[in-house]
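Consider the two complexes below, in which chain A is the common component and chain B and chain C are the respective partners.
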Partner chain A sequence: MSQTDIQSDIQASILRQQKTENRRKLILNGVLLVLLLLAPFVLYPVFLMKILCFALFAVAFNLLFGFTGLLSFGHAAFLATGGYTTGYLLSNFSGLTTEMGIIAGTLVATLLGLGFALLSIRRQGIYFAMVTLALAQLVFFFFVQAPFTGGEDGMHGVPRGELFGLINLEDNLNMYYFVLAVFLGCYLLVQRIVSSPYGHVLKAIKQNESRAVSLGYKVDRYKILAFVISAALAGLAGSMKSVVFQLASLNDAHWHMSGEVILMTLIGGMGTLLGPVLGATLVVNIEYQLGQGPLRDWVDPILGGIFVLTVLAFRSGIVGEVQKFVRKNMG
Partner chain B sequence: MSDQYVLEARSLVKEFKGFVAVDDVNLNIQKGHIHALIGPNGAGKTTVFNLLTKFLIPTRGKILFKGEDITPLKSAAIARKGMVRSFQISAVFPHMTALENIRVALQSFEGNSFSFWKSGASLNRLNERSMELLEAVGLTEFANTTTVELAYGRKRALELATTLAMEPEILLLDEPTQGMGTEDVDRVVELVRKAAQGRTVLMVEHNLSVVSKLCDRITVLAQGAVLTEGDYDAVSANPRVREVYMGTGSSGERGAVPEEEAAP
Partner chain C sequence: MTIMRKLLTSAVASAMMVGGAQAEISDNTVKIGYLADMSGTYRGLAGPNGLAALKMAVADFGGKVDGAKIEIVTADDRNSPDVASTTVRRWVENDNVDMVAGLVASSVTIAATKVLEESNKLGLVNGSAASSITNEHCTPNHIHYAYDTYPLANGTAGAIVKEGGKTWYILTADYAFGHSMENDVTAVVEKNGGEVVGSIRHPFPTPDFSSFILQAQASGADVIALANAGADTTNAITTAAEFGVTQAGQTIAGLVVFLNDVHALGAEVAQGLQLTTGWYWDLNDETRAWSDRFMEETGDRPTMVHAGIYSSTMQYLNAIEATGSDDSQTVRKQMMDTPINDMFATNGRIREDGRMIHDMYLAEVKTPEESSSEWDLYKIVRTIPADEAFRPLADSNCKLVSSQ
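Moving on, here comes the complex of A and B:
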């Protein structure tokens, strides 16, 4: 067999492998979709929506942390900015339909993300985390002081309104399917981004930044784009959350929230697509279940313990470990 | 004059706090040459490399590429102009396959690198060229292997192929044979020779037998300054070079007179 034959053979096998992988992705997405469509008939829709909002938040965070290698410690700022903006607009301008409020909240969070990115992107590692934390604290204090946020009490009574002025979102099932549609759209978008030509550059930057520079990539620009998309999706999660709960609260802006999204992503598996979704589901459930019972005051120490265990023993998170296991035993 | 030299450094100086790492270095790299930068440990060879590719900012001095002043440009822009470097520690993307490593380099010129909405399948048209480059360095059968699993010598070969994918006019290789056994060294020498066809190469190298086999011209650095320059015979006959390599009186850890190491 000639050299060219061998080459085209290998190329063909790589293409085949890509196809199998795509098919696997499609099946997994399908199963996920069916489960999520049926879920509100078994579980309380508002609880499910809470999970979806946090899952989107974690997916957004993971695009930056897991796929670009940038640890932001200020993502609460985008969640809160989306939430407050949407809450404020829907509460004060009755002419606005719900989706306009959500789009506006997302846009403001996106712009804030651009500002954060421009100020922080040249810092590396821990310094990057510290700059994002400091900026997020500024945003937090702004929301504490600003007259329209309701300070410590939060912003109550945000109307859910009507989607496109047609579909009544006061109905929990309607609301759920709207949140689900947005979540799935964003999830698929991130899936696409990660495997796109741009996603390959992100991967390269994450794995060896100076090599990416020496191949002619202006890495700062790629990182800024990733940061802005991540902030936009985090803002969208916050906007939807404020509509679902009809409440935008200071909790969402607190640094504690920035920590929680790191926890969700790490437990589920950073740098995997499903990881943050699973992580968010687990954390929201643990907080809720334990919050009901006698262990109420122990929620934070228990989550802390899980965090330590993950970092020490399952560094790639649940989904990451499962992937490793599957690859080892089936590949 | 400037047509003759692809790369020139003029009075290049790099000062760190209270310490001059590179002191008034002048380099003229002639087109088509394989030019070596040698010198004892700590002579400033890698620092010069970092300055030329702007991974470090020079304190003073000028860098000319094909006669054009590129001193103010950033690293990525310099790479795009056709001056591509490798690193001392093998610079690959460890969790990509060998093929993907090359594709990332090819993609640099595609203009689709910000297309986050496009399918990854759009990169498949780079596969064929990637396979050719892998073939050139003897890695065809490892195309679909994750790079982290490749042996050290193969990683270096992959790195070279990735660098070649950029179609550079001048290649800057930082110790391409570092940490290799004899067999791998011979392979790399062949690879560099092949890669240098129609190109210019500037390489930092410790292994003087490699230098003697490959290089047209040699610049010796010592303590941040140019000690001497010339072809291999001239440089190895220079008593000051011997002194620097021997150290005065001490047995010296590198301890090799160039001629001795050059012996086959």
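Moving on, here comes the complex of A and C:
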């Protein structure tokens, strides 16, 4: 056999492998999609929407943390900014349709994200995390003090209104499919971003920033863009959340929320696409289901325990570990 | 014409609603949901012991009211309005819950009562402090029972000025709640002939109060008022004790302080603190008898919130028994029509805005020498009559108040 034959053989086997993997992914995604479409008939739609909102939040965070390697400890600020902006606009301007409120909330969060990024992007590691935390605390105190947020009482009675002035979102099923559509759109967007040349640069920055610089990439610009996209998606999650629950509250702006999204991403598997979705589902479920049962006094210790276990034993999270297992045994 | 028709339709509709409601108890079960902070900051205030108080009330009815079974479901609200809203919605839509009890953090309470209003179920609020709950956030579907911030500021400040504390220094938590407390206190102090000589705002939350307490001490005011809550209040009291503020002759007035806080601080640290409470376990034979039962169940003495949960649930179940219906508006009307006379309140009554008004008490924390046991913590300095204690209806922004 000549060398070219061997090469083409290898290439063919790689292609085959990719094909089976793609097919596997396609089947998995198809099954998940069907489940998501049918879920509101079995499970409580408002609860599902909560999971979807947090899943989107975690997906947004993961774009920055899992794919670019930037640990932001201030993502709650974007969630809350989106939520409060949308809530305020929809409550006070009855002419606005719901999607306009949501778009406005997302835009304001995006601008805030740009501000955060410009101020923090030149720092790395723990310093970056601390700068984002400090900025997010500023935002938190703004929401505590600003009269329109209702302070610790929260903002209540946000109208769900009508989508495009046509579809009544008071109906839980309509609302659910709207949230699902937005979520899937964002998920596909992130998938596209990650697999694009831009996404590969992000991964390169994560793996070795100096090398990315030496290859001629303007690393800061790439990072700023990733930060802004992540902030925008987090803001979108917050905007939808305020419409779903018809309220916005300080909990969303508190640093606990920034911690929670890290937890979701780590448990699910950072740097994977499905990981944050699964992580969000798990964390929201643990908080909610355990909160109703005999273990309700132990929710926080249980979450803490899971966190420690993940960090110590399953570094790449549930989805990451499963992927490793599948590659090893079925590749 | 259209107006006439509208009026007629609504009259017919409401007549039908009342007619339908009179029928009987839905699905022959009275289901009570207990929603409170079971694991966080407010655990001691309501928490698992509040559930115990609720169960005591149900047990006193033998688990049945008017032939219908009483069931309890519980959830931890995690102090999150999202969780509250999801939980209450699910309770009402899927589990046929008729009444929600507990309700602590104000954001949680407001979120829950909005859902209750939409679905026309009843909420009995005991844990929350915010007076906005029966003001701008009032609904025809909830009753605020044990206390709110209005008498806490009003009662404490008014009573202390009358007791001779003329000059005041206010330590304010720097957010909406603290600001409104500060304004309330200033108004009351000035109305009663006292004077506010200074105030200082501290960030929320603050772990170290030394510099604030030193400034308050240096002001030489008779009274240092703490317009804050929770951990801030206890931290401030601890710091004040370290600087010997009360021993030096100044009075500390806590605006939102509960028995479990004082118990945690101990008489040594909290001595001399003045506070307002809606109820105290050692008021009379009746309260002592109930508190002994409570202590057997839980090992703790009840706070006013625990007593309020028990009392309001009894009123609720009594109203169901009297009307034979668990329809929210029928029950609420019956509760409003019945004066409350039990171990919690004497001649208490529920106003149209949903505020239950009853006597409040100005208490002073005993010194370790005066205190005979770990729970023997308050002496009652003064009774604040119901009519003085709560926000007058004339000042109300509630949509249910007829003058509006």
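Going forward, the second predicted complex is superposed on the first by the 306 of 331 C-alpha atoms of A that agree within 3 Å, B and C clash if a C-alpha of one lies under 4 Å from a C-alpha of the other, contacts with A are read in each partner's own complex, and residues count from 1 in each chain.
Keep in mind that, in the parts below, a residue touches a chain if its C-beta (ideal position, glycine included) is under 8 Å from a C-beta of that chain, and two chains touch if they have at least 3 such contacts.
Please read all numbers here as calculations on a predicted model, not as lab measurements.
Touch criterion met: A:Y222 reaches chain B, while chain C stays clear of it. In the superposition on chain A, no contact is made by A:V308 with either chain B or chain C. After overlaying the two complexes on the shared chain, residue contacts for A:F245 are found with chain C alone; chain B is out of touch.
By the document's definition of touching, neither partner reaches A:L118: not chain B, not chain C. Within the superposed three-chain model, A:V144 lies in touch with chain C and out of touch with chain B [touch as defined at top]. In the superposed model, A:V299 lies in contact with chain C only, and not with chain B. When both complexes are overlaid on chain A, the residue A:V46 reaches chain C alone and has no touch with chain B. Of the two partner chains, neither chain B nor chain C is touched by A:L33. When the two complexes are laid over each other on chain A, chain A has no residue in contact with both chain B and chain C. Chain B contributes residues 53, 55, 74-77, 79-80, 84-87, 91-96, 99-100, 103-105, 107-110, 112-124, 127-128, 131-132, 135, 140-141, 143-144, 162, 166 to its touches with chain A in the complex.
Interface of chain C with chain A (complex): residues 38-39, 48, 73-83, 85-87, 89-90, 93-94, 105-107, 110-111, 114, 130, 132, 137, 174-177, 203-204. Listed in rising order, the residues of chain A touching chain C in the complex are 44, 46-47, 50, 141, 144-145, 147, 150-154, 156-157, 241, 245-247, 249-251, 287-288, 291-292, 296-300.
Chain A meets chain B in the complex at residues 3, 6-7, 10-11, 13-15, 17-18, 192-193, 195-201, 203-204, 207-208, 210-219, 221-222, 225, 229.
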